[in-house]
Structures are given as structure tokens and as C-alpha cells.
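For clarity, chains are labelled A, B, C and D in written order, and residue numbers in each chain start from 1.
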Amino acid sequence: MNTTWTADEMMTIAAARTLQDGNTCFVGIGIPSTAAILAKSMQAPSLFLIYESGTVNTNPQKLPLSIGDGELANHALTVVGMPEIFNYWLQSGRIDVGFLGAAQIDRFANINTTFIGQTYDSPKVRLPGAGGATEIAASCKEVAIIIRQTTRTFVKQVDFVTSMGFGDGPGSREKNRLRGGGPSRVITDLGILEPDPKTLELTMTYLHPGVDISQAIENTGWELKVSPNLKTTKAPEQSELDKVRALVSTSDK
Amino acid sequence: MNTTWTADEMMTIAAARTLQDGNTCFVGIGIPSTAAILAKSMQAPSLFLIYESGTVNTNPQKLPLSIGDGELANHALTVVGMPEIFNYWLQSGRIDVGFLGAAQIDRFANINTTFIGQTYDSPKVRLPGAGGATEIAASCKEVAIIIRQTTRTFVKQVDFVTSMGFGDGPGSREKNRLRGGGPSRVITDLGILEPDPKTLELTMTYLHPGVDISQAIENTGWELKVSPNLKTTKAPEQSELDKVRALVSTSDK
Amino acid sequence: MIDATIELDGALKVSKFLELPQAIESYVKNGDVIAMEGFTHLIPFAAGHEIIRQKITDLTAVRLTPDLIYDQMIGAGCVKKLIFSWGGNPGVGSLHRFRDAYQNSWPNKIEIEEHTHAGLTNRYVAGASGIGFAVLKGYSGSDLVSHTQNVAEIKSPFSDEVITAVAAINPDVTILHAQQADKAGNVMMWGITGVAKEAVFAASKVIVTVEEVVEKFEPKFSSIIIPSNLIDAISVVPNGAWPSYASDFYERDNNQYIAWDDISKDRDRFTEWLNSEIYNKSSAGK
Amino acid sequence: MIDATIELDGALKVSKFLELPQAIESYVKNGDVIAMEGFTHLIPFAAGHEIIRQKITDLTAVRLTPDLIYDQMIGAGCVKKLIFSWGGNPGVGSLHRFRDAYQNSWPNKIEIEEHTHAGLTNRYVAGASGIGFAVLKGYSGSDLVSHTQNVAEIKSPFSDEVITAVAAINPDVTILHAQQADKAGNVMMWGITGVAKEAVFAASKVIVTVEEVVEKFEPKFSSIIIPSNLIDAISVVPNGAWPSYASDFYERDNNQYIAWDDISKDRDRFTEWLNSEIYNKSSAGK
């Protein structure tokens, strides 16, 4: 079955399905953006997309190359300055879902987009840094994270907490005065993880069709918690695949 | 000579003359606004007028009825929100001249637009209050005040300091952390007062043609300081009178 | 007035387009903190009159410039506290109903909380930003500091600088008048917009009256668009800002401002006005 | 390129319209704090290249997203400190010249000061507002707090709320690219404007390159106008934002962004690029 779609397609479709019509969604660039735009052609046509560049309620017809792509501005209801985006829209707690990618994630869904390996001053790999992510993770009512699941990305301890998920467990968000609810789901190429309601530790709750739990465990850098109630993601429908492929193909044009 | 123009015309013309071309001027409504608009038809065609309503570089063709008149918006280079006006334009110290009216003024050019008589909670006459005046007086590089000179307006002590001039003398503005230079001139129907460079007390430096110094002294509620170098304001030219009359007549239309 | 069942895009499941009486009844409650903004321009008079008509009381009424709209609401007994920064009849004189209420408790006692424009503007900014306070250089040297609330000094954590902090204001309801809505319930306004944007973001509920509904907005200088998801109710009320003005629709009816001085000076004349112009008229603009 | 002696309205006594080399020479000095803004859109590349050509050094370079423009200036040795909040080649990968300078001090050692977008945005807001700091909810929970400067906690004077303060940033020079100027030297830009307005108000000097000069601005959605009295120099540089984009003029030349990855990975290839594309070319856009 796994031969009819790619793992990235499955991940993108699974992520898109989780977005509710009518919600406001603050979108990071890359796969989060693809999934959010895809959701608008699926179950959530009036998903209200905001990008940190200032584009408000944008309906891009093709994938933006960057967070400030003209495509986002040309199809927006309005474009506003960044103080308004960060202070009035995001910080005020008006955003339902923040949608982020990451280079590393830990069991409490803390995410790293700053550097990999060694130290901040002398990193092995320097990544772009925070951008909007720190405050998106802090302020949205909930946060969805899309990331491929490997031992390089799912690590025991992130090299740098760029954006806090649940810190070191219950109480951390409160202690850090984060207004939003924190990560509600992590969508990977293998399945979906959700925080345990009590411990807040990421727990595998869905596997994508054709994926075995051993794969998920092998590709996680900590002892992965698995839900006793583990389910299988619904396989992509042909219409979903058509839509994601049509969308992705726009970025080649 | 005093028969060819009114005292208000003389006051307005004298005030208009003091505005330098190219300066930015933050304008209060009423006579300050009339004088500033008049100045643009006289020596200061590119005087950059800002009103607290958000109109930036406005060139009204007739007298606005209020600070938010459509005339100001229709003839503005741009109209912006009030946070931008107060925080970015005014507070940042970008305005050359603030132009204010007042109900009462004292010898240190502190002005009152809040109430007259008795107490704040039970005033004899309640006035509109601060509006933009407090911060205009605080932040502009200099402040010009237009007010008719009588013992009711020129008082020993204002009933309420709405907007600080020089407080109780040298050092007050610094103590109150006011960034602007404070009042540089008070233009009245009798003449012009300027702060003494040392004591900062308002000193009569000009009398309008036909006005005797005894009139100024009689109409001042404190012992008026008079400059040893007292001069006479240049009489209005016919072209100035034509302009002020044409302008004032627009408000009747 | 167009039908409240105006057809919307499929996107909007529930119509936000309500008749004005229904909008006010649904979203304005006794005791609310209410902000009706519009700086000289686009003052939501029709909505204010509807509040009077519905005899809503105990409002904490916030507005930079109370203007005639709050003078009328105060005179009608809707207001228990006024938060403002410039309280006059612009270009005319005093607000007599406000003075009568404040000084003589007629028709009821009202409290006041007085600010500068910069200060009250920044209270809205903090409210819109979802933080407890904003910082500015303000009030300094003014006696106002000792006669108001929600203003304090704060020291910079980076230097010896001491500046002013003002507490956030978060109205239960903000009411605006605007030129246009589109069918999806977005609103566009242009010309002087004052603190409209901040008052919207600061509020829990937002009601907007508009001159008209259009298929599609056209670009305008100095325009702002308020997305429909920030708005709870839109009422189409042509002339809803009268006797103030709506840029590109109608000018200020200054005779009304001048006439108000006489009407409002006298309790009997005011009561007569209240009966004939508000209570005995149904909801509408001019 | 149009003549720098373009005729202005009588209102403007001295022309602000300068050739780009003259604008940079007049207003950018070694050691300046410089902000070249434009969020993906309207990045002032031509001005950046001119700074390289004039071998200006020791700049503290502020920009939310350093992008190729600062990668090039860092590689060319113009920068001693980078203040930023997202340092990548958008949609492509890393900024190799920035990494080589920071990690290997080539061509010189650079310091960094790293923020979040919200934090750096509010540093500009404070700078624009003429106060020492701004307050926000920011950085909380991030390790960034212990690796940056100009960020602190501050307690509300009204409650127990503790929030974040960021110090104002006030560039010596802000440089922007915009679509249009009018003959009086006002500038209009539209589409994504990012922190352009704040960067202008925060700065001591402002240089703007524009695509064209028009008789009269036409209304556009989401447009801002920067009055001429905030601007020190305007240079007409068609394609001055290339290879980024200018809404309604040209699209982003993404091949250049992709090609930069290879060029910038290697010091020799970069040096070759620097010679052929910058030093041996005269000032211009694409």
C-alpha cells in the first residue's frame, strides 16, 4: 500500500486533515505551509491563514517560495506591518493553531531551529534561528508540529530550545508564562504523536498505513511512549493525493 | 491704526509669521490651526502640518471645524492611526513646533485646559481636558501658544496644570523628563511674550501696533516682566489681512 | 435598509449581518465596558441611539472624545463611568449632559477617569496586544497624574530611564461605524480611523455599522480592512454616523452640533429631544 | 537611470534625489549601525552592493532576515556585528558567508546578537517611538534568552504580571527599497512592508531606492506612504531589489537564490563573484 504515495505526501495530508475549517492558523514556511494550503482545498476552505510577513487571510494559489512570497500578499485580504502581526494577532492570543516545522524535537515537544551539535558559539550546523517560532509556540491556542521522524530529529535532548513545547513536563509552560496551550500534535512521516494528557510526554497515537510501530521506535532517540489505543491513519484518498501533488507541482513552475 | 484690523487678526498673523518654512508643526484646533494654515499661504508654503487625528502633511483649503475634519484628511499626504501619530511622530521628538491654545496660562507658560475655578471634582467651569496637549507640550522641540491676554487667562497660578511649560522655573522640565525645549513664545492679542533665557519667566518682548505696555500689564494676573528691549510687532500687511480674512470666511461656508 | 438575511459566501456559516436592534441586544449588556470609537469621523451615532432606546445601563463608556454620542448616552442614563481624554463639543463648546451628570448626578452619578490622548491611545494598544500595560512618555508635568487611574511610572531594565506605564484597556464590546462591508463580513474604512484598529483588537466583541455592502473593496488611500473573524455583528445603517461624517458619503452636519449646545443645556429640552428623536423613533440613521 | 538633477516642486529646496553612489557615500559611514529592511520583498540589494563597492566596514548590520544581502556584505568584509532574528537563505538553506565569518572569522570575525522576530520587531517599535524599550510577551521558554542581549524581564506596575522588555534599536541609517517616489520626495510602497515604517522612524538617516518616480500616487491596497521629511536621500534604481521582488514590478529571481548556495559555499567562488558582479560593475540594479 505504501507504494501508492510517498511518506511526505502522507505526512502532509495527515497534517492538513487536522486543521478545522474557520480556524485561524499562523503558518511557518515549508511543509506546514503546504499542509495548511492543502487543508483549504480539502475540509477547511475558510481556514484563515496568517504568515509572519504580514499577510492576513491569504489564499495562495501556488506554494510560496518563502514566508514573504508575493503570492501570499497578492491573495491576502490585507497585508499589515509586522508589529501588528506579532503584537495584535499573535501575542493577544487570537490564533487558534500555530503550525511549525523543526530540525529537532524532544519528548516534551520542545523544538530546535537554532543549531545542531557542539555549542551555540561554535555549532556543527547553524540553522536559521527563531524567526516567528518562539512566540508562535508560546501564544497560539494550540501548536501543530510537522517533522520527519528519525533519530537525528527525534532526540533525547534538543541541542537548543528555540521554542518551548512543554519544557520538562507539567508546570513548565505556566512557569514560563506561556499563554497558549502548547503542542497538541506532532505529525511525522510515520504517524502522529500527541502529548499524554497527564505527563505531557509525546505519545504515538497513530501510525500511517504500512508503518510498523518498531519503525517508529527505532526512529526515535528516546524510549518512545506508545498509546495503548494506537490507531492507523486513514489512507490518503485519491482526491487528497491529487490535490497535494497539484499543489507541490506549483512550486516547480 | 488699530482700526484697520482686529486684535484677533493681528494675533493670528503674528503667530503665523513665527512659523518657519519646512518645519513640522503639530497643530491644535482653533486659532493655532488658523495661524498654521495661514502661514502656509504666507512665508511657509511647505510647513508640514500634523494633527492628532492622524492627518500627516495636510494642506487644508478651508478652516477645519474640528481636529478630525474631513478637510484635513482629504488634503493630507497620508492619514495614519493615532498610535503612530503619538508614538512615532510626536513622542520620538520629530516635531519642530507644537502649536497650542489654552484657557489659562501662568508666568512659566504652564497651561490649563482642564477646569476653571474650585476643584477638579467640582469645578466652576469644566473644560475639555488634555487631548493631545500634554504630550505636545512635552515632546515638541519648541511650543508656541496662542491665547488672548486678560486677567482671566493670564493668571498668577493656573487652576490645573494640564500641560507643563517651565513648571516652577529652571530645572522643572528636566525633573519631569520632558524631552522638548518647552514654550518659546506666547502670542496674544496684545503682543508676544518669550521666556527669559535665564529665569524662564514669560517676558513681554513685543507689543502689537497701537497697544500700550500699560494695557499688557493691566491684562496680566501677575507682575508682568517687560523686556528692556521691547519692540513693536510689524503691522499687518494688506496681503496678510486679505489672507487671514479669506481663510476665516471659509469657516462660514 | 437591506434584509438582514443577506446572502453570504458559503464560507460563513452564520450570518453576522444583523439588524441594529438585534446586534445591540445580542452583544451589549448592562454593566459592560464599551468603546465606541471614531475620531470626529465615523462616530457610531445610530448604534449609540439604539443603546439608549434599549435602556442599557451601568456602562463604563470609553472613548477618546466623548462627543455628542456619549453626552446623549450619559444624559439618557446609560453610563456609570466615563473614560476619556478630551471632553468637549468639538468646535462648539461644552458637553452639558456630561457636566450635569458629573457635577449634579443627573440623571445619575457618574465617575470619570481622565487621560491624555497619547495615554488612552496606548491603553488601547496594550489591550490590543494582549499585555497588561504599555509604555510611553506621557502625562509628565501634568496635574492629571494625581487625578487619574491606571497610570504609573516604570523604570527601564536597561538604563536609568523612568517612563510612564498605562494599564491595558479591554472593552467587552467595541462599536464602530465604517464605510463598507463585503459579503463575507470584512469591513473597510478609510480617512481618519483614529484608534479603530486598536479598539477592535482590544475588545471581546465587536459590532460594526456600515454605510453599504459591496461585492468587492476598491483600493483607497489610508484605508484599513478589519477581517470578518474579528467582528461579531455587522449592521447596515446608511447615515449611521450622522451627524458626524463618513468620508466619501456625507459631511458633518455641523448645525446639529451647534443645536446640541442649546438642547443639552436644559434638562427639559434634552428630555424632549430624547423622547422625540430616540424613544419615539425606530432604529435607523438620519 | 534618470538624471539626479530631477526637477522638484518649489517646496523642496535641496534635491534629495541622488545617484546611489552619492547617497551611500553621503550617509553611510564606517562603524554605523545600519538597518536594511524588506521582508523577502523589496530588499535593497543595489544599495547593499554599493556599500560593498565603497568598501564600508565595521557596520553593525540589523535586519530581521539577513538573507543574501547581508551574506554578501558579511563575505565582503563590511560587517562587524550582525543583529538578526532568522538567518537563512529562504527556501534554499544556509547563509554560508555568515557561517564562515561567525565560525571561522573569514574575512573577519563577526559578533552576533540573535532575537526572535517579535523581539527584534519590538526593538524597532521602541526605537521608532523614541523610548528606551518596548514590552512584549516574548522569548519565554527559549534558550535564546541566555545567548542574547538587550532582552530583560520587567514587572507590571499594575499587577504581578512579569513580561519581557527589549531595548530600543536606533540605526544610524535605514535603507529601504520601494516601488515609487513622487517628485516631492515622498515614497510609496505596498505589498509586504514588514518593519519598514518602524525602521524609518527609528533611524537618524534614511536612504530609499525606488523603482520609479511618478507624478502622483494612485491608491493601492496595503500601501504605506513615507513622507519626504523622514527621508534624506532617494535614488532611482530600477530593479534595485533584484534578485528579491518588487510587487507589481518583477518577481523574485529564485534561480539567483539557488545559485547563491553554490557561490557562497566556497571562498574562491565567492571572491570571483565579488569581483565580477560587484567590484567590476558600476552601480545599478540588475
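Everything below uses one rule, namely that a contact is a pair of C-beta atoms (placed from the backbone, for glycine too) under 8 Å apart; a residue touches a chain by one contact, two chains touch by 3 or more.
Source: prediction; values computed, not measured.
A.B. asks: What is the graph distance from chain C to chain D, where chains are linked when they touch?
C.D. replies: Minimum step count, chain C to chain D: 1.
A.B. asks: State the pair with the higher C-beta contact count; candidates are B-D and A-D.
C.D. replies: So, comparing the two chain pairs, more contacts are at A-D.
A.B. asks: Counting in whole Å, what is the centre-to-centre distance of chain A and chain B, each centre being its mean C-alpha position?
C.D. replies: 57
A.B. asks: Centroid from C-alpha atoms only, then distance chain A to chain C, rounded to Å. What do you get?
C.D. replies: So the centre of chain A lies 40 Å away from the centre of chain C.
A.B. asks: Could you put a whole-Å number on the gap between the CA centroids of chain A and chain D?
C.D. replies: 29
A.B. asks: Can you list every residue of chain B that touches 2 or more other chains, as numbers and ranges?
C.D. replies: Where chain B meets two or more other chains at a single residue, that happens at 78, 87, 91, 139, 179.
A.B. asks: Going through chain D residue by residue, note those that touch at least 2 other chains and give them in order.
C.D. replies: Answer for chain D, listing residues that touch two or more other chains: 129-131, 136-137, 163, 197-198, 221, 224-225.
A.B. asks: Name the shape of the chain contact graph, picking from line, ring, star, complete and other.
C.D. replies: Topology of the interface graph: other, matching no listed pattern.
A.B. asks: For this structure, give each pair of chains that are touching.
C.D. replies: A-C, A-D, B-C, B-D, C-D
A.B. asks: Name, in rising order, each residue of chain B that touches chain D in their complex.
C.D. replies: Of all residues in chain B, those touching chain D are 22, 24, 45-46, 48, 56-57, 77-78, 84, 87-89, 91-94, 139, 179.
A.B. asks: Inside the complex, what are the residues of chain C that reach chain B?
C.D. replies: 39-41, 64-65, 84-88, 90-91, 94, 99, 102-103, 114-118, 121-122, 124-125, 136-144, 147, 162-163, 190-198, 221-222, 224, 245, 247, 251-252, 254, 257
A.B. asks: So in the complex, which bits of chain C are touching chain A?
C.D. replies: 10-13, 128-131, 186, 197-198, 201, 224-225, 227, 229-230
A.B. asks: Looking at the complex, which residues from chain A come into contact with chain D?
C.D. replies: Residue list for chain A touching chain D: 29, 52-55, 65-70, 72-74, 76, 78-83, 86-87, 90-91, 110, 114, 120, 122-123, 125-135, 137-139, 160-164, 167, 172-173, 176-179.
A.B. asks: State the interface residues of chain C toward chain D in the complex, per the touch definition above.
C.D. replies: Chain C reaches chain D through residues 129-137, 150, 152-154, 156-159, 161, 163, 165, 167, 217-221, 223, 225.
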